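Next up, some structures in structure tokens.
What follows is a pair of complexes built around chain A, which joins chain B in one and chain C in the other.
And now, the complex of A and B:
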């Protein structure tokens, strides 16, 4: 059982990590935990958890059909594990769906609001019904040991054949309907994947995957519990899967040829490489391996074949589910680690449940016995921790809990708060104003006395383009001083200028330029590398250490607000860059527009030169046109030109 | 009447009054550039945008309000639906958040509130509340150059064709939205190619819901057919095995075999 315990420890760790991500997902939304975007609204959770999960669980209906309909009784021993895998697979799909849906608590709305035109509606219903069927199919197994449930069990066993038939019919529907989901996206899905017979392709590959999954699961659990591998039993299953895969290949390439899309196979798009990797993994390599002599005898060989095939078919689902269309949407989707962790966590939970079922009920002919689980066995002494951990079962529980909690803590550590709190705002690179501003004091003195300014006074002409989009304005400093009422007006624009800094760039406070920021850097003040202040040097003793009981900044920074300033500092929250710029510029523009009767200069387009969706539109245009010819509203002035 | 909008890109000066008006009427907050934005200026807080494509040409992007919308056919709970009047509207109370509408839309219009723990889909609803009461959408109302106008779809089509006829050479001889994917309520005439408003494909005339229809219509038949086939196979195989068992027993001279 050492292998089982080790595996369980890893699974509990994964579950802990996933728990941290799950909490973040439900509190902060999909944006904080996924890499999904408006261009690729479906990602790994749909591709792997839902579509892959349903396909992986296809073993249930394939094996029940084999045994109960086709009466191939030699496979009777694998019915129970196959149905259990299918049942847990569908539970995992449902749980995965809860993570992916934006409003998971509305999932039951599908039962009251109907839209029968939608393939997703049909998939939803089939999955609900099939999950019920699987529950009824599997229920007799755990009910075996409970005498009170004997009558229910007998009834369900009598009902078995109708249940199996309904289960097969339902599986046919939703396995294929998962393909129908994508029929509506001919312009989105890459032509190598889009096909009117997608439903058929999905159904056929699901049968192949179901068979391969049964092989994989049988060998994996045999390794885990040191049972005898069912190599002989698995061989015909593998061969059947081989024929299914040949049929699949014929359908897929036949369809491509029939619709005249074969030329895409040699196109240079990277999706073509993806297509070949997928086809190789899901069909070609497994088929070649199936034909080898080793497949008859070697359990490892069978295991490897099944592993490659399942990977390939799941990759196919992920490709159709979003990977293959990403170039069309215009953005690159690669799953965030958090998405992968949730997917792994769901698989881990399903595996743990499987192991629990196998250990506690008669899923196999013989329940695997844990030689260490004898309660009379003496507790072991842990040589590393110098502790008595009780019997191995208890010790296992302690270890699993510890693994879970530690992994959850580690998960929260990795997640951090800034990502969740940033709400997806893209930090924009910022830059100081460029140009020859020179010494403002000398300029002012020159203006006061009427004498020509010395060369070091500079020109006072700036090029402002803080977000580096190459959309900027030339800024005549002197003109703004005159307009705003002379020397005392500095603080109108240099609104919260940092001490000893006469020309702080906007970005020095507005670090994330589209969100309000806190201009007071508490961490810097407390850090030994910064101001190195003790708490009590600012916060009053004996009071809560909040902003309500703190010295005003001006106690230390005497020159924070220059004498004669027109603004008063009431809060340290700086408005966003957008808000700051709008307040500073728009007021004047509106005034002049009224005074001079020039309504156009107060329009947004006056500054946003038609690139109206603000920075987003600007970034868009910039990204489109940057290499060929830069679109610059006003080119940055060269120093020589200004002189 | 079938409500529609005709946008003439040659008349657009790019002032973006429509964007501002849309924001005001629909109470949309300022939008900040976010990681999940597409590069077209639309977002959950911005239902129409003016794209400067190529330089010095302006094209307004908004929901096309297809005559046979893919999003409506895709939505499993019917949260998206096409009104009699023309607009495709969204009932947030029904939405389950599956985002299938976003996948299905050939124009990539619906946007999601990714940062919200209770997210909804957002898109232009053609100011349904206003036009229901006989008004017109905010964007067409404020347009200073009448580049984008509101009216009955048939009349607007007539206007569009009239302009194409009267100004030969000024426009590309085509009304965008007249017949692609079954026709849309938002029409364009333009002097530049507008295929960038979609995924860069030239659309066929087939409405996208028709692509799923055969598969969905086959569903009851597939269910009943598969069920019947399995039941039949079960019966045949069982009977054959019974007969074989009987035959084997006769040969052996024993009693008829019994089922398990």
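And now, the complex of A and C:
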């Protein structure tokens, strides 16, 4: 048991480290603990914890199918550990998913709010149902020792074949659907990974991984508990996995050849190197090792083969899940250490649960005996504290909890201040709406008289991409004016007049895309270069100089708020540009959609029609007002594109 | 020096606080589990729950039991503990740090009250130290570390009081803060691993002695067997029964036999 105890100590340490990160993650959010961004929203947690975890747990359905459907009874002794591994794997997936979900407490939403068009909906249901099936499949094992549950156990044993069949069906469905998730993004995934047959590739590799995982787990626990390795039993499993891997290689390269993508194999991107590492680890090296004579006899050789193949296939899931993503700005996603720690912590927790189950229930033929737990054994002094810590259970309690606590403290030490206090969204300054808004006065005059508007009146079409990324919304300003009642409709949207301006543009106060901004510029008012006001010209004398004791802005700025403005200003903290636009536009669109029974005008795609290379199309030099009121001409934006 | 202060206020404080909270939780749970184990081992013994409850409540509030025996000591000690716990948690400057870093805050003490409480801790702490050093019976049952704890505990209060009342020593603010924060971190760090852990273990002390501190049946014989006296019945007072074999075993680093 010395090896088990050493491993448990390490696992509890990892768990402690992960606990520190987990507290930070749930308190301060994903921004504080991950390198994920709007450009790469899926990373290691989806790739490893969810997709890798589901694939690693494939051993459950592969082995139950082998034994109960194909009646290969010589593998009966590995059914229980395989089902236990699968069960813990799916529990780990569910827990890992909670970390990655922005609103983890909404995880049950998919059971009520159905979206039958989404592969994720299917994956969610299948994982939920299969976890239930696995629980029912494994439940008879712990129930063996409890006489009160004997009838439940007998019922579940009778139900075994139907459960196995349902389990295989559910596994087939969602192992492949995890691949279907990525069919939606042909331009985001590097061409060596994207394939219309991704679901098939995922399913085939999951079978191979399931078999390899059974081998790995068997030999690893044999090493841990000093049991006799099941080399003979594992050999046919390894050979079966070999055939699956050959099929996988044929499918993958055949698909690349069929679609004419083979030239990418020797391109000079770093993703190509990643591809070769992945293919070598998941198929080529294991296949070569399977061919050697050592594979028949040597448990170490089998162990190494399975370890390499498992690493390779999990790497494949991580690559598809985020590492091989082509981000819009060409930015590279590499996992933050905290993401790795959480993943390791979840694996550690699952392993500890596995060891617990193995030691307390009859997962194997015989429970592993602990020679130190013999009451006749004489106590030994602990080498560090020079005391007797107690029986193995009590000593373990003392040591593991200490390892956990110390590691958690160390984790909090490592989580630096900026990380513990989330930086939130990156500041993204906004700019004036682009486009030919023209002379609205001339347009209104033309509308009144019924004559065609002169050329100088402009088209009245704006392009709203205040962060200048060319991903924006085409806004038919003139059309909105005409629909909402001409001149008097300005105040429906425009609710603030900047000094020396009327119906000022949104960007003047909503100065950041994603962050609220202060529309009142205190520095400018107090600065000698600005308004050059003394404190007491605004703040009341004899009171603290806060916003509570100050005269209203409208005392000086008489026309700050346009008469009849529908949006009432209660605070000078302006919401972000995105929030302001969405609240204003969607609010109106939803009402009109209901009134006129046109549901489509409240959809996202009604306005967000995609990318418009505005600057190139119109050769337009857009401009904005600098704070001092001068007109500044900016160069067109540079948006580096991979495609 | 600012960098050192920032380190102690940031990462080191997080480490200390995490170790304190988790460490106290750990020993509390371990103690309860051991009480459970002890109860299971001695299920044939009678445990007087009512007496345990009465004793625990009696000792937790010193005005009941200790007051009758040592009124001055119990009053000083009680006041010391009140100030020690209340002041750091409800000090406005500390709450401000919490609000800036984590974003949570709660009601604060007025500065005047905090000042008086700090002085209370300093003087009662010094009083406890002097009482231990000058009162002969107390000195006899004291270990060397017992003189250290009151001095360590009042260090952040002295330095914090001087730093927040700048008129006392206007030029040493940074130095005072340095000592204040590092000694505070050290206290948090030491709490779960030293006798300061009585802050959570004290309510359990009567439970442990009442429930767990009983030998399981046949324990005496097993102890004798372990110590190498298996051939002698333990209830016979034997002059030849010495601790020499045990001492030798300790010297060797293992147990005899």
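As a convention for this text, the second predicted complex is superposed on the first by the 412 of 643 C-alpha atoms of A that agree within 3 Å, B and C clash if a C-alpha of one lies under 4 Å from a C-alpha of the other, contacts with A are read in each partner's own complex, and residues count from 1 in each chain.
Note that in this section contacts are C-beta pairs under 8 Å (C-beta built on N, C-alpha and C of every residue); 3 or more make two chains touch, one makes a residue touch a chain.
Because the structure is a prediction, the values reported are computed rather than measured.
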item	value
Touched partner set for A:530, first chain B, second chain C, both or neither	neither
Touching partner for A:107 - first (chain B), second (chain C), both, neither	first
Touching partner for A:486 - first (chain B), second (chain C), both, neither	neither
Which of chain B and chain C A:409 touches, first, second, both or neither	second
First (chain B), second (chain C), both or neither touched by A:552	neither
Touching partner for A:254 - first (chain B), second (chain C), both, neither	neither
Chain B versus chain C as contact partner of A:31, first or second or both or neither	first
Chain A: partner with more touched residues, chain B or chain C	B
Chain B versus chain C as contact partner of A:587, first or second or both or neither	neither
Partner chain in contact with A:41 - chain B first, chain C second, else both or neither	first
Chain C-contacting residues of chain A that also contact chain B	27
Touching residues (chain side chain C, partner chain A) in the complex	10-12, 14-19, 22-23, 26, 29-30, 33-34, 37, 101-103, 192, 226, 250, 253-255, 257
Parts of chain A lying in touch with chain C, wherever the complex brings them together	20, 27, 378-381, 383, 386, 394, 397-398, 401-402, 404-406, 408-417, 420-421
Residues of chain A that touch chain B when the two form their complex	26-32, 36-39, 41-42, 65, 68-71, 100-104, 106-107, 109-110, 113-122, 124, 161, 164-166, 168-170, 172-173, 176-177, 180-181, 183-188, 196, 199, 328-331, 423-426, 428, 514-515, 576, 578, 603-605, 608-617, 619-621, 623-625, 631
Complex contacts: residues of chain B adjacent to chain A	13-17, 19-20, 30-43, 46, 49-53, 55, 58, 70, 73-79, 94-100, 102-104, 106, 108, 111-120, 198-201, 203, 208-209, 211-216, 219, 222-224, 226-227, 230-231, 233-234, 237-238, 241
